[in-house]
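In the two assemblies presented below, chain A is common to both, partnered first by chain B and then by chain C.
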Partner chain A sequence: MALDYGSPASRRPTPAQAGETPAVPVDGVAIAATLATLICAAPAVAVIALALAPDRAGAAFGSNLLGDGAVGTFALVMLGGVGAVLFGAAAAWLVSLAQFPGRGLFEWLLVLPLAAPSYVLAYAYTGMTWANGSALEVRGLWGAAFIYAAGLYPYVYLAARAAFVSQSACALEAARTLGAKPRDVVWRVALPLARPGIAAGGALACMEIAADYGAAQHFGLTTLSTAVFRAWYAHGAPHVALQISAVLLLAALVFLVVERWARGRASYAGGSTRWRMLPRYELGPLGGGLAAVFCAALVLFGAALPLLWLGRLAVLHPHFVEVAEPFANSLLLSAGGAMGTLSLACAIAVAARRATGIGKASLYAAAMGYAAPGAVIAMGALALFGLAREAGWIGGLSSSLALAALLWGYAARFSAAGVGPIDAGLTRLSKGLDASARTLGAGPWRRFAEVDVPIAAPALAAAALILFVEILKELPATLILRPFDFDTLAVRAHAYASDERLLEAATPSLLIFLAGLLPIILLTRGLARSRAGQR
Partner chain B sequence: MLNRRSFTLLGASAALAACGQNNAKDGTGADADYVNVYTARHYDADRQLYAAFEEATGVRVRALTGSAEQLLERIRAEGDATEADLFISADAGNLWRVKDAGLFQNVTTPALEQGVPAHLRDPDGAFWGFTKRARVIVYRKDAVQPAQLASYDDLANPRFRNQIVMRSSTNTYQLSTLASRIERLGAENARQWAAGVRANFVRDPQGSDTDQIKAVAAGEAQATLVNHYYLVRLMKSEDPAEREAANRVSLVFPDQAGAGTHINISGGGVIANAKRRDRAVQFLEFLVSDAAQNVIAPLNTEFPIRPTITPAPELAALGAFKEENIPLDALGRHQAEAARIFEEVGWR
Partner chain C sequence: MSSVTLSRVRRMYAGVAALDDVSLSAPEGKVLVLLGPSGSGKSTILRLVAGLEPVDGGEVRIGDEIVSAAGRTLPAERRRIGMVFQDYALFPHLTAGANVAFGLDKLARAERDAEALRWLDRVGLKHRAGAYPHELSGGEQQRVALARALAPKPRAVLLDEPFSGLDPVQRAHLRDASIAALAETRTTALFVTHDAEEALLVADRLAILKGGKLLQEGAPREAYDKPACVDAAAALGSINVFEGRAEDGVIATPFGPVAAPGLSLGAPARVAVRAEAIAVTPGSLARVVDVRPHGAHDLVRIEAQGVIWRALVPARTSLSDTVDVQIHSAGAFAFAAS
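This part shows the complex of A and B:
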């Protein structure tokens, strides 16, 4: 069975097939997954619970903010999200399945914008266009959409690329043999097979846009996220902020479930056990040139231009010594946080594959924290911490407890960035494999370690990279949950930027970029080699 | 595979725990003498102040920086287990919120009373100012005569239609500016003023105070309202383009013929549940002492809290000006109404 996409059998499972995946078996993996879900979902659920608290009626300005914010967020998600999906999917297809000048270089250069926080891009473009006069000023709705598309397409690129790379040559060749033109193979085989990856990456980009505060605020837009902070900071009404956040979280939940449901009706298991080089399309001189220009433009606007601008500012006011300690803190925290979150996300994704119905839905609920601003998730975590303290379980936020709370905040905020790609990777695992392993007597942990993980390895690598860089860039949760005298690069950059000292903010911002670079290079190389039979 | 992963995880958590312990050792060892500060100010000058305090007293200042609103939520969640002894922030409006939440304790000592003029501190002693900033009008020199912008009222004058840029009203500086007007002239007057200024906008509010100055310098608008030190900083920026921009504009201290220019403070207060209250009071007194004021004056471009301290030369060059004199807690009391008015007139 090379491909059962759209076959009637996969749409309506026969009893025999349904029997292959029993409801969540009570085993170690299932228990671990339940725990992981609770850990990741708790702060977001706390936010919703606090928003619903009966003694806290919403103020009149709340509904105005909510309405305007919803319109703004919708517009930005449509413009920026669609842009990110188009750019990311096209770039992934080009470097995975086509041959053109510079392809090998673009393969990893294309990931670079991932290292740039949206708010840094916003500052950079404002600074650059201001310095050149206001002829081409990046501002307003279109300015923000441009920055999101240019900065967030790597989410789609990475996930789609993982999907393209692990595609079966047989499926593509079978299509060719059956007389499909190259274009048809792209549109009717390669793209549909990569759909879970593209959808997962696109969902991440959309949620990232919904959660973004810095860039939207900088451009003076009213979105749900800026409305949250307007209610909180300007009106001094944190409970209204929580109510708007709850709407954002619930919308994300609906979005996740619908996306999953739409995908869930089709099955994507594919692939043979024999792996060969993927056939690449040789693009002609014109096509190859256009492809190179397209990729170069993405790298230029998403990373190179802002990087050069930051570099210029950092040269004007260099202070690398002062940020040495924050640099070390950032690396340590990002590595620890990424591993912690990845483990939880892995448990959730694997269990979600095996679960059905409500169990499955509740697992995806763990991912909704990704759509809310980090400050809100941190507020949920703080509220739960307050409850635990009042109950006498714990004391104050000592350094080690604060660090634990911070890692928890990261997991609550970013588990989706892990669950999405891993789940997309596992989607390609044929159920027969799991069943075979079971027949051969492998227990749940062994199946997890020796079947699920290796199959999802490219996706795991992508997820680890995304998580590391996400945490490197993360600001609000880090600000509010960290121990005393513990600064990260993002904290330092924010301290200067919020004080409107962009010159001084340039060095730590530049270092965030550079620190993200090494894992990006390592992991994209790993990704390219992860295709079985290509070592 | 699983084992290798578990080991890596174990290693990472051990490393993180170790680094947490280091921090704990620094602070909570038996003989360590320290005070914990939650601060929404991020200036490098503040770190020098901490060092000066440690040198003078042997007491280490441990800082947690963050936005005022978020630090407030952390203090609230920590309750009586909080590690915070002192809360420091720019803007009396931010400090008032902490007071309003019942998280400050009132403190009055002779040193504080002598060090801080009455209009730069909370009437109950919940918080005390240690630097001063003025909300000034910045205009483009080749477009406007300073006499045309002698008052905040002029920003609402229809002659400046499509000539004004403003920062978002989410910002506390804007809220405090309007709150001071509500205190002096009433809500209706404040609404009319805000609506008049709003009608003069050339673009929706976006960006920082510095961005407003740059927009004026670039010719997008003729005037804006900012805290004085943002312009002073541009004047001495390391970026030639910024110095060039600062050259094209100038500032007015508004309402010199009337109630005086709106001023605000950076200040601090002692947390209600402070575990090291004496140390906290000691640090607060240090902040307003001549020693600390003389450290901060040349470094920062804010005004010293007392006229007897010599400000930075760039500030001295701006000359003396008449200050608005209202009870400082008014900025907090009228904050919610100010936010409502901004919302109603569409000044986002």
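This part shows the complex of A and C:
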């Protein structure tokens, strides 16, 4: 799942917008948004609808599988989620409100673990602990919880950090003048103000844990995600797979609702528009040293250690020739998927700005697709293709049809990840600029080429890059929907790891990791720029 | 340069009239100021003249050409009307020079750059031609916006509260410079503001709007001396309002009579008296509530029969606890109450 750039807030149309008569009788934006809504919502809706249909097989193993999966997912969400929240919130507080050696560096280093999908971390850590014959082996439930906490804490870190930074210094100083000691200010003002942000980040991390297939599968755990695969492949029971998918989808939607609700509440913390440098707590030599060690450990376990390990293996046991074809497939598929998803995201972003019914609907549909785990989206798409085949609309699932289904799945799952950055670009493209270009005599084509494109292009490029990398990293949907014998880097890494060929898995894992670093660098540059008081 | 004329223009937003039957005109080479509170429709008039929105009734003419009528709108890009936006709307991806050159695309490249520089020089910003908008101060951005609007030699220029984002000192300075530039180029201008003082300073002609309706149009002096209604009087300064009935051609207020020519006996009436039209002398008619300094004047609140009025008197006028009150007829107006 992508980094969250914030979705467009509900905007009231200005009178000028509301009163504008459309230039063409057929509203292209509304049509595109309708299409986007259908594309994004269809797989998830299909999963729910078909899961409710009467069970023809009536297999008893289904309820066992479902129960075991639910328990497993719940345990992982609890362990991994709590770990991510503790690590992320603590790191955010240190970096935003305290002063210690290396603080400025850690501010962006702490985001790096977002680059690696959980399955890549899992492959790296098993290899590492095997090779060392370490007593502290990363495996099982605790191993998975460690991977999630170490890899997903940045979701909490980013949200909590935004909350801490946006806190007005005045509120903190007001607490001081009212007699609160510095330590009391942390517990009574700073933390409560940041709580909604922490909750939103925690919900995102939990959503990721519930959606994860690769790491849980690697550690041999039964979760809802792995249960979907087991029902589908091991038991050949599509209906059971659909039912488990429906439960998984509902769980993800709960996290989505929590996240939205918390994010809505987070806005009360940032009420003050005046920005001043927050006074930082001097931690002293011992406290400062501990803070630096804590942050360094997070970066080390979440990113540096696995990256170095994978890099070492890839150099010592290079398998670049073997992964050449999956690499090319990944590039093609991710580029194609990013383009398709980007156009869908554009339609949604433009429609959402109009604040019409269909605009909002498309935003909700995209959010639902975004929350839905890849396995769920894939089951939904498969089920819909199955229905179409039964109806005689299409033939068998040929390679090209499978590719179409895969691109559809990506679009449904990742559109929302593109909407945020595109919306940010559209914000720069204010109505006033269009109006001023018109009063200067520029016709529609000149406005498009010389105003719209140059201003929105950086945002579009950022959105395209984010989508490209998200698709490159996506494992479960690709695994289910890909054409026969069509391997991507993620699929190949998974295949090697499943055969316990971790040396071979290192090369594709490393490539995925490195690709994941690109949008992170982009994000941290954006973070630095968006800081108030800084040019 | 051309005149700009609105005839019986109507504009609806979601069934509500933002402009209702408005007729006014900016004579060639003159500055027409549109004055009114927010929501009065003054910015809507600019958008209609610019062609950014259609009219729902009536017509807009530039010179002799009808550019807007119901169902027919000449696109903004073909009107040759310059506009300075409230937030300046400079293109963030272009330098100051390129912003000014944007509207000069009919010229050859070298000529265009020279012309843009000439306009930047005119507003005193030649040395900032290579700077991007975010590198310019608010006042500099405003000047670039003005140069950009004037450079293509538009038939008229529209200014939407162009100085509203600036501090008072800059504001006065830029206002003088802008008025000089408009006068020098003999530009027809529509200038929107909600600041009465600015309106009187800038206007050749003044239109006062409220709630989408035109209250009054005329020379600024005339608008100040002969307001068409209480709201029009209030738009140009602090007034005291009193409601009563006409008797013997006057209306008796607690502070003295106000002439009410043309009002029949017993007709309900509203009186507006400008604060600066009230003089006080030692006496016993009214009680002085308080006195506050107000620049060259003191603002005095006086009370009689439970009614409190405000008077602007020369600063440091020595006042006793009670005063007599004189109302200057030039600043006191009576209207039939509707």
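Keep in mind that, in the parts below, the second predicted complex is superposed on the first by the 279 of 535 C-alpha atoms of A that agree within 3 Å, B and C clash if a C-alpha of one lies under 4 Å from a C-alpha of the other, contacts with A are read in each partner's own complex, and residues count from 1 in each chain.
We take it that a residue touches a chain if its C-beta (ideal position, glycine included) is under 8 Å from a C-beta of that chain, and two chains touch if they have at least 3 such contacts.
Quantities reported herein were computed from a predicted structural model and do not represent experimental measurements.
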Ask   = Looking at the overlay, does A:I455 come into contact with chain B only (first), chain C only (second), both, or neither?
value = second
Message = Contacts for A:G67 in the overlay, against chain B (first) and chain C (second): which applies, first, second, both or neither?
response = neither
Remark   = Comparing chain B and chain C in the superposed model, the one touching more of chain A is B
Request  = Have a look at where A:S436 lands relative to chain B and chain C in the superposition and call it first, second, both or neither.
outcome  = second
Ask   = In the superposed arrangement, which partner chain does A:G284 touch: chain B (first), chain C (second), both, or neither?
value = neither
Inquiry  = For A:G104 in the superposed arrangement: first (chain B), second (chain C), both or neither?
reply    = neither
Key: Touching both chain C and chain B, counted on chain A across the two superposed complexes   = 450, 454
Interface residues, chain A side, partner chain B - complex = 61, 64, 126, 130-131, 133-134, 139-140, 217-220, 222, 226, 229-230, 232-236, 238, 313, 316-317, 329, 332-333, 335-336, 339-340, 343, 375, 378-379, 382-383, 385-386, 389-390, 395-400, 402-403, 407, 445, 448-450, 453-454, 476, 479-487, 491, 494-496, 498-504
Ask   = Where on chain A does chain C make contact in their complex?
value = 15-16, 18-21, 428, 430, 432-433, 435-443, 446, 450-451, 454-455, 535
Remark   = Given the complex, residues on chain B that touch chain A span 1-2, 5, 8-9, 12-13, 15-17, 19-21, 23-24, 26-28, 36, 42-44, 62-67, 69-71, 73-74, 76-79, 81-83, 97, 168-172, 175, 203-211, 214, 218, 220, 230, 233, 237-239, 241, 335-336, 339-340, 342-343, 348
Ask   = Given the complex with chain A, which residues does chain C contribute to the contact?
value = 11-14, 18, 44, 47, 50-54, 75-83, 85, 87, 89-93, 102-103, 105, 134, 148-149, 152, 154, 158
